[in-house]
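Two complexes, one shared chain (subunit A), two partners (subunit B, subunit C).
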Partner chain A sequence: MANQAPGVRIDGLTVVYKTPAGELPAVRGVSLRLEPGSITGIVGESGSGKSTLALSLLNAVQPPGRIAAGSVEIDGLGDVTGLRGEQLRKARGKHIGYVFQAAQNSLNPLKTVGKQLLDLGRSHGVDDLRGLVREARELLGRMGLDGARVLDSHQHELSGGMRQRVGIMLALVLNAHLVVLDEPTTALDMITQANILKIVREVHAERGLTTLVITHDIGVVAEVADRLAVMYGGRLVEQGPTREVLGAPRHPYTQGLIKAIPRLVGDIDEARALPGRPPALATVPKEGCVFRERCPSRMDVCDTVDPEPTADGPRIVACHAVTAPVAEPGTLDKEHA
Partner chain B sequence: MTLITRRLAGHLARGLVMILVVATITFFIVNNIPGDPMAARYEKLIEGGMSPEAAKQAVKVLYGFQPDGSMWQQYTDYLSGLFRLDLGVSVTRPGTPVLEVLGEAAKWTVLPVLAGTLLSFLVGIILGVFAAIKRTGKLGDALAISGSLLHGIPQYVLAMLLVVIFATLIPILPADGSVDILFEPGFNAGYLGSLAEHAVLPVLTYALSAYGGWILAMKSSVVTVLGDDFILAAELRGVKRSIVFRYIARNAILPLFTLLALSLGLLLGGAVFIEKIFNYPGLGWLLIGSVQDRDYALMSGAFLLITAATIVANIVADLFYTVIDPRVRGGEGAS
Partner chain C sequence: MITGTGVVKTFKQRGKLLGAREVRALRGVDFSIPKGGAASFIGESGCGKTTLGRIIAGLESYDEGEIAIGGEPMSALTTKQRQPHFRKIQMIHQDPYSALNPTRTVHQTLHAPLALRAKQTGRSRQWMEERAAEVLTLVGLDPGTVLARYPHQLSGGMRQRVVIARALTVDPEMLVADEAVSMIDVSLRLGILALLKDLRERLGVSVLFITHDVATARYIGADGELYVIYRGQVVERGPVDTIIADPVHPYTQSLLSAIPVLHGLERPGEQPVVPLESLDESQSDEGCLFARRCPFRDERCASERPLLQITTGAPQEHACFHPARRDVIARPMSEV
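Right, the complex of A and B next:
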């Protein structure tokens, strides 16, 4: 088992969902690298495909969806889109930890946390179950909980923040070094949110993880992520170092998102809502740019040609208006080397 | 544990009050039905040449009944009898306590209905799981349709259908009765075999008519649990399939246990038509007989027994839930 942070390379990933109108892409041609030891944040609106992308990392896209093209290479595991059955099951939990949204009930309501921990240990052939319990107690204690008490509790006896910490514990207790957090702070109050983010940051550093955070809250990403990727209509429209992207957004969608954030100081009216609404699975344009309907810098070429992600130093943007279009078609080079 | 004891005490108190209310209502209803068998008998004795005093005495000895007692007095007599588990004396079977008659009949109802219910429950929930997992395929459709179909046929129609098929068209099973009188009652092969043979059609009726409800309820319960986040969460943590299956099964079966306990409560009163059709000497058969004979004591006793069974089943269902569902057990704070 790899005892250091793995790198992840997602290449040309397309995930389609089977609908009465045929197979429609929820994620289309997405390429993304997670550097070993980094925290990457993916932001996007509901339905932008970010959760589907997160599930692809565990090859866990739920039917009627399926991975139609592309690969997800994880150090120490290989291409997870090729994993099946027992191999896949063993990779989940042991190599890749997945933390569910806090509001969701990710625990069996009829069993104590401790018993579910033992189920997890047995599933992964852990011989030293006592050691596992000790490890879990330490992790929970590290996150400010009374480990022994929490292990003896049922889900309904825990608050949202406590459940989320239990979720993080279960994702890490088997010593996984790649952790995916899907909306880790949604539905938590501000103080608990801040607490959870602090824990994510600290645990990430202490244990040497590669972390992916999925959220619709730019604030969360700004707080924890080294790199930021913005998703829209199943496409990654912009990515780069968090500070640079937030400080000087290039894609019109990212610019719109940041303008829409109300400031603590100043007039509330300074925040500009993005006009229009995001596309749903069935309304994503078949050709051309996915964002053109709401784009202030729309050009003719946007109707017909889908802008390719183009690297400029550490930043990648998929927009005709940014990458001076027409003359030279965008390079397919996703590696910002 | 104290919580369960407290709960039990509360239930018992409420149950007793309910039984008392039901006993009161049935007493007054039954006593106000036109046609008074006691008065009829009393007058018959007088017509036979007995003095009113002697007739009164005879009725009192035979039935424990005072023809000229007020309704109120009869009511208090009845209630005080109840507390000693004395339900009075059967009118049509002079000298036999109602409780004894009921007890004799109850075993003919309880065993076949219990067998039928448990059989249908087991088969129904197991097939219900398959109906849920294969719900998009042909097998799932077939199972669901079998459930709806059997659920839709009235129990007595099913009973008559079975008689026609297995006693008339293919005469392999007896159409009615509980046992052949040829055999010496006791623990011998002939008697037990005859008992079993006679029980097949009633049990099958109970089982088939209940099966549809179980398979449909279990199917929808499993489908609900399959959509729950914690199942996906367990899969994403790499929990073994067999363990995930246990998570699904235990969560899905929970609401069905309540239904099971309740249906066991209805077990005493639910077999009226069926016992009539199969001429099976259980409680339902007894109840119909007592109505026809105007055996008021027996009637009230039967009603009361059926009510009490339902109330007890409710209590059992609730307590059972307390044991199997930690969310109900918990209450306040940590366990």
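Right, the complex of A and C next:
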């Protein structure tokens, strides 16, 4: 595979989980493109399916979950949903780097970071282990850490921000050019978060990566991502260039989410929580729009027809009120009554 | 009214390998929270804000200084005598998932503190049931649907509301909310913040809010006091809106500069302050505690510790030799 940022094309991806109530979709009919060299941010609340979507990039959805439909094409790898066993193991790490949610807890507490690095190198058949250590030291140094000291440390000797940087180092050290960061700054305080986001941006540019950031925090995406995708109830409800989406959100959920962020200036009464609560796997509506229960622009058609994602230039929105803003006669009558 | 004067807390770490090490969690903190008032403690993790909150809630002892509840100094009392005072102060923890017993229904969770209350005041079982329904309604839950549920059947936001309802069963005078919304879904956070504000207004409960996210502190009320804490010392304090709009301490300014900017909706401040290095507990205790990380330090800062003093022409106090106003926070594009 070439040493350059790969593009990713996710098409019609559906991931289901087996439950006592039958197989329920955590991700349903999601199509998303990651342009080579871009940073894409996926925003969603708990249960929105964002982590499941990210795991699908590694074809790492664990039973009782499975990829039921769709494809994930990655340049240089092909459709990863078709990869099995050894092929898959090799692709992970070498082509796709994954920084897990709570990277602070994904390190082995019994081994030094250096030993874990060597384990990683051996399991991927790296011959030049010295070179690997050198590369790791450089990466850690690049992120403002004392590489030698960190490699000699156990995880309990490192702060949350340092562990997060170790996670990023482990994801990049095998020279992966597609990197997935799942909640990279959760549990970090503001100054450390700002520092990590700066590192993500810089390392992305310097190494020529395609980066996917998964988060519940729109602020994180606003700081790093070129493109923003919003997930709700397993569906991608809106996507587009970050600044455009934040400046003029179209989907009612995106609008509500942005309004719900506490800000530093302005009238605090303008910020308000969304009514209701996000759906869980079992409570996602079987038909119709997934957001309608909490939606201020709900129409009759929303109860029965799931809105298709519709493109308008670089922006894609799945909402009846946006794509067909003319209200049906039925709804008009109701409003007048 | 709860006041603290010169509160000091030192944790002694025992260790055979590294020897005993002392962590100075609080280095003489003064505060005052009026009845029905609001205050926020802001700072990075490890700054001592949670320790101070725990001391105020009676969950932690202090080494020096004094905490007075309703004018009564706590150090003069025996542990047993203190109990009724500290019961008036209830803590709401960060993680509603671990704050509730998973094997107990909401009804059982509320029953225990209510039974104690009923015994003390000679109330009936009937009163307990009514009171349980009442506190649930106060926090915006429907008693009919949640009473019989277990924690795993509730969303994060609902669980946090149950935790708050449990705190209300003992008629507290103050709620100490330690990062109470950081684990709640974004779309529901404001609901919990609005609830705390509402309880303040309706029941006259004072609220102490402990957080690293300055923006959420605004939602407790504009009359609230903000205390910016760094390595166990209050470095700046004043009315919430003043500290956010016109901070003069470089540490407060770096906290505010670190808040993500919603590009497309906001433009960043023009003079952001970025600390020179990250927080290291082993940094020297000499001079200004922030000096090593401060971009504006000079020789004096390395040798002398600035004390909290009144900021000229402003309603706040700061502990810095070189206070200066800087444009650090992001503002909506529409304001330009």
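Here is the rule we use: the second predicted complex is superposed on the first by the 321 of 337 C-alpha atoms of A that agree within 3 Å, B and C clash if a C-alpha of one lies under 4 Å from a C-alpha of the other, contacts with A are read in each partner's own complex, and residues count from 1 in each chain.
Note that in this section a contact is a pair of C-beta atoms (placed from the backbone, for glycine too) under 8 Å apart; a residue touches a chain by one contact, two chains touch by 3 or more.
As the structure is a computational prediction, the values presented were derived from the model and not from experiment.
Of the two partner chains placed by superposition, only subunit C is touched by A:R243; subunit B is not. Of the two partner chains placed by superposition, A:T304 touches none, neither subunit B nor subunit C. Once chain A of one complex is fitted onto chain A of the other, the partner contacts of A:D119 are limited to subunit B, with no touch recorded for subunit C.
By the touch criterion defined above, A:G93 reaches subunit B but does not reach subunit C. In the superposition on chain A, the chain among subunit B and subunit C reaching more residues of subunit A is C. By the touch criterion stated above, A:G160 is placed in contact with subunit C alone, subunit B being left untouched.
Across the interface of their complex, subunit C is touched by residues 45-46, 144, 159-161, 189-195, 197, 216-220, 222-223, 242-247, 256-258, 260-266, 268, 271-274, 277-278, 280 of subunit A. Chain contact summary for the complex, subunit C toward subunit A: residues 44-45, 155-158, 185-191, 193-194, 212-216, 218-219, 222, 244-245, 254-266, 274-275, 278-279, 329-333, 335. Per the touch definition, subunit B reaches subunit A in the complex via residues 228-230, 232-241, 243, 247, 250-251, 254, 324-327, 330, 333-335.
Those residues of subunit A that touch subunit B in the shared complex are 58, 60, 62, 89-94, 97-98, 100, 104-112, 116, 119-120, 122-124, 149, 152-154, 156-157, 167, 170-171.
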